[in-house]
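Structures follow.
First chain A sits with chain B, and in the next complex the same chain sits with chain C.
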Partner chain A sequence: MYYISAASTISHQPAFRNAGFSGVIEPLHAGSALINPDYKEYIEPGLLRRMSKILRMSVACSGDCLKQGGIEQPDAIVVGTGLGCLLDTEKFLNNALTVKGLLPPTSFIQSTHNTMAGQISLSLGNHGYNMTHTQNSISFENALLDAMLLIDEGEKHILVGAADEHIALLDEISAQLNIQSDCGLTSGASFFILSAEKSDQTLAGIKDAEALGLVKNIPEQITAFLDRNNVNPDDLDLILYAGSVAGTEDGEKDFQSLLKMKNLPVLDYMKYSGIYPTASAFALHMAADQMQHTRSIKNILICNSLIQHNLGLILVQSVEA
Partner chain B sequence: MSVRITGIGIVSAIGLGVQENLLALKESRTGIMPFSFPDEDKMFMAGAVKATNPVLKKELQTKSQYISRTTLLGLKAAREAYGSAKHHDQIRTGIISATSVGGMDLSEQFYQAYLNGTDADFAMLKAHDSGSTTEHIAAELRISGYMNTLSTACSSGANAIMLGARLLMQGKLDRVLVGGADALTNFTVNGFRSLMIYDEQWCRPFDASREGLNLGEGAAFLLLENEKSIRFSGNKTLAFLNGWANAADAYHQTASSPEGKGATLAMQKAIEKSGISLSQISYINAHGTGTKNNDLSESVALINVFGDQVPAFSSTKSFTGHTLAAAGAIEAIFSVLAIQNQLIYPNIHFRTPIMETGLEPVTIMQTEKPVHAVLSNSFGFGGNNSSLVFSDHA
Partner chain C sequence: MDDLKEELKRQLIEQLNLEEITPADIDDNTLLFSDKGLGLDSIDALELIVLLEKYHGIQVTKPEEGKEVFRSVNSMAEYIRKRQN
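Our next item is the complex of A and B:
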């Protein structure tokens, strides 16, 4: 078991520094906006001015996590991002094609995917392992697996998280490419402290995780994952899912028939997070928060098949106080 | 602690495939030359791969319309490294690739058309995200399951190799194809120009007169296998990866610290993990981009680690240009070739040592000394520093 000692999310839900938020969340509606914290509390003004949305969110969530966990320096910083720093990428692309002469370098510097992990290490003066994973919809799961591997190798506390940012062009692209988006494309960031040992701060445990690309038989993979972890379908209290496991529109029915459990609670987490490639990190925070505040919840499966040929699985378990 | 390397594949400015690269290295022949993008007049020094997209597509027999140059280069190298490896139910196979630009070559074309208000082809953007590069390569090689892309700027390729080794050591996979790919793009050329670290002349790593880097492009992949996988594949071991480490410099988003903190830590930890003593390192394939900042900081770090006994070192970016996320993987293969062929490569265009450190890289190909162990450095934006140690023994 790997232990979540802190969690911090910036999203459309009132999650930031608000334990118990999962009890008051509502599905996104037209016009709902990202709830930004007071970034000045976490980032010095000079830096803040130059930072894009994804950087602000990541640095603020990281700072909040460390504060919650009472940890000065994590042993490693691991970040997942599906599309990286889109605002700065588009800005520099635009400049490069339209501006003659010498270009300002800031947006180029901040366009690389590892800007978040780099900025977090800078803000902490952290010299540990520093990594950025980007495998579209399973970027967060890949980052989480790296963090778990680090703990297996003997590290104690890993700062692991994910972030993605929305730009207007994405809406145009998804319309042009006929990508359906009922709940809207948006931004979000969630960071965690993953620890080797249980403590007073522990919110929940992660029993296991998996990230599979070009996966053929999703239902088979899900049942094999549960088997491997000795979890029966009737041990599950909730499934948080994205995308479709069986290619149908009814995710709830799909899971209920796959696991032969008629009354299994099944929830599409993207209705609450909005759509972005690393929204499964939001689902993990939501799961951990629910477990902390509803003691009867023991097992939550997060099943991410936002892109149908990719599969992310996270088994979250409650931890006895 | 060591991991077997059983396959290598490479595409760079000095050749398509391992043999062409080895020949150019032996002949001390650089691949950096005047280059211009199609439809542009402006020439600049770059290490372009001497094969156009249509040529690569034909050779790879891929019909996909929306395939980025990064993917084409990656696929070419990945096929060579993977060889005739076949799917086997008992062998858990994964792929980890590294890229910094992903499908940016296509995104640029799209964005130009989009800005012009002409017929912008939105489908081009399906190749934009870095993960799609890896997915495409995996699909062509019929690899499914563990699939990951790392993007830590110029250290990405080394990190992909490191993560693959860790997954094997922890028993998560039996074999894993690891490497990186990046194509030349306007985006990166303009980017390094905006930072005023693009040398319009030939780059001169570790030389007092150095003015910056020349970009290159390419890809390289290595096949790492455990004992179980080798029993099935029968593959020969080419060399071993013995040590690896990743450390953050935490000094500045792009510049390296003057005391080379992150670089020193990465080298020290990688060597310590390898169990190989400092004096047994035969050769260092340096990061050596040719920028004022990197080469000084790396030189200081070399002295921090090795004192006055700095082993023979050079930057092969004077052959290939800086291939960004592919660099760590390309240089890993050069390290393997150095061990296999007893070669210590020259640092082309070096004349005068950096005053502050006085370090002199190797300037003439050395073939006399045995090469048992090689340290390879890869440092990137965000203060991301990684070092790998290769050797001829477990």
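Our next item is the complex of A and C:
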């Protein structure tokens, strides 16, 4: 078991520095905005002035996590991102097309996917393992697996998280691809301290995680994952899912029929987070928060099949006091 | 009032995204790369090279000049005038 010692999220929900937020969240509606903290409290002005949205969110969430966990330096920093620093990428490419002569360097330097992990490390003066995973919709699950492997190798506290940012161009592209959804494309960041040992601060445990590409049969993979962890479907208290398990539009019925449990609570977490490639990190915070505040919840499965051929699975378990 | 220096201050603020700083906050002799001044860093130095080319058509061809040229708004203005004459 791997233990979540701290969690921090910036999203459309009032999650930041708000334990118990999962009890008050509501599905996103048109015009719903990201709830940003006062970044000046978490980031030095000299660094803040050149940071894009994704960098501000990541550095603030990381700082908040470390503060909550009472940890000055994590043993490693591991970040997942599906699309990386889009604002700086767009800015740099626009400069390249329009500016004659020398190109301003800042947006180029900050356009790479590993800028978040790098900025977090710079803000902490951390010289430990620093890694960024980018595998589209299962980037967070891959980052989480990396953090779990580091703990298996003897590390104590890993800062692991995920972030993605929205730019207007994504709306244009999704309209051209005829992607329609009730909840819009957006930004979000969630970070965690994953620890080797349980403590008084532990919010929940992660029993197992899996990230699979080129998946042909999602139901088979889910069943095998549960079997491998000796969890019966009727042990599950909640499934948080994104995308479609059986190619239909009714995820709830799909899961209930797959696991042969009519009354199993099933929730589409993207209705609460909005759509971004690493929203399963939001689901993990939501799961940990629910376990912390509803003691009867013991097992939550996070099933991320936002993109049909990718599958991310995380089994979250409560930790007895 | 020296128009070039006032223009430079506005350009510095825009190019370096100096939030919450106005031209009035920057003295002509404020040290740009000192913590006692604006506290700029190496990425800002690259941005200043771009600024000189973008707004004033000047290419800094001798890197060793940079330290003195980018000392303050005064030294930048002096360098621009020297190069333009």
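Couple of notes before you dig in:
Just so it is clear, the second predicted complex is superposed on the first by the 321 of 321 C-alpha atoms of A that agree within 3 Å, B and C clash if a C-alpha of one lies under 4 Å from a C-alpha of the other, contacts with A are read in each partner's own complex, and residues count from 1 in each chain.
Here is the rule we use: a residue touches a chain if its C-beta (ideal position, glycine included) is under 8 Å from a C-beta of that chain, and two chains touch if they have at least 3 such contacts.
Keep in mind the model is a prediction, meaning the values are calculated, not measured.
When the two complexes are overlaid on chain A, chain B and chain C sit side by side with no clash. Contacts of A:Gly31 after superposition on the shared chain: neither chain B nor chain C is touched. Looking at the superposed arrangement, the partner reaching more residues of chain A, out of chain B and chain C, is B. Touch criterion met: A:Arg49 reaches chain C, while chain B stays clear of it. In the superposed model, A:Ala117 makes contact with chain B only, not with chain C.
Legend: residue contacts after superposition of the two complexes on their common chain; A:Met131 is shown touching chain B, with no touch to chain C.
When the two complexes are overlaid on their common chain A, residue A:Gly154 makes contact with neither chain B nor chain C.
In the superposition on chain A, A:Pro105 makes contact with both chain B and chain C. Think of it this way: put the two complexes on top of each other by chain A, and the tightest Cα contact between chain B and chain C is 6 Å. In the superposition on chain A, the residues of chain A touched by chain B in one structure and by chain C in the other are 102-105, 109. Residues 77, 82-84, 92-94, 96-98, 102-105, 108-115, 117-119, 121-122, 124-136, 138-139, 142, 146, 149, 152-153, 172-173, 176-177, 211-216 of chain A are the ones touching chain B in the complex. By the touch rule above, chain A contacts chain C in their complex via residues 45-46, 48-50, 99, 101-106, 109. Listing the residues of chain C that touch chain A in their complex gives 15-20, 39, 41, 43, 46-47, 49-50, 53-54, 59. Interface of chain B with chain A (complex): residues 95, 100, 107-108, 111-112, 115, 122-123, 125-126, 128-132, 134-135, 138-139, 143-153, 159, 163, 166-167, 170, 172, 186-187, 190-191, 193-196, 246-254, 261-262, 265, 380-384.
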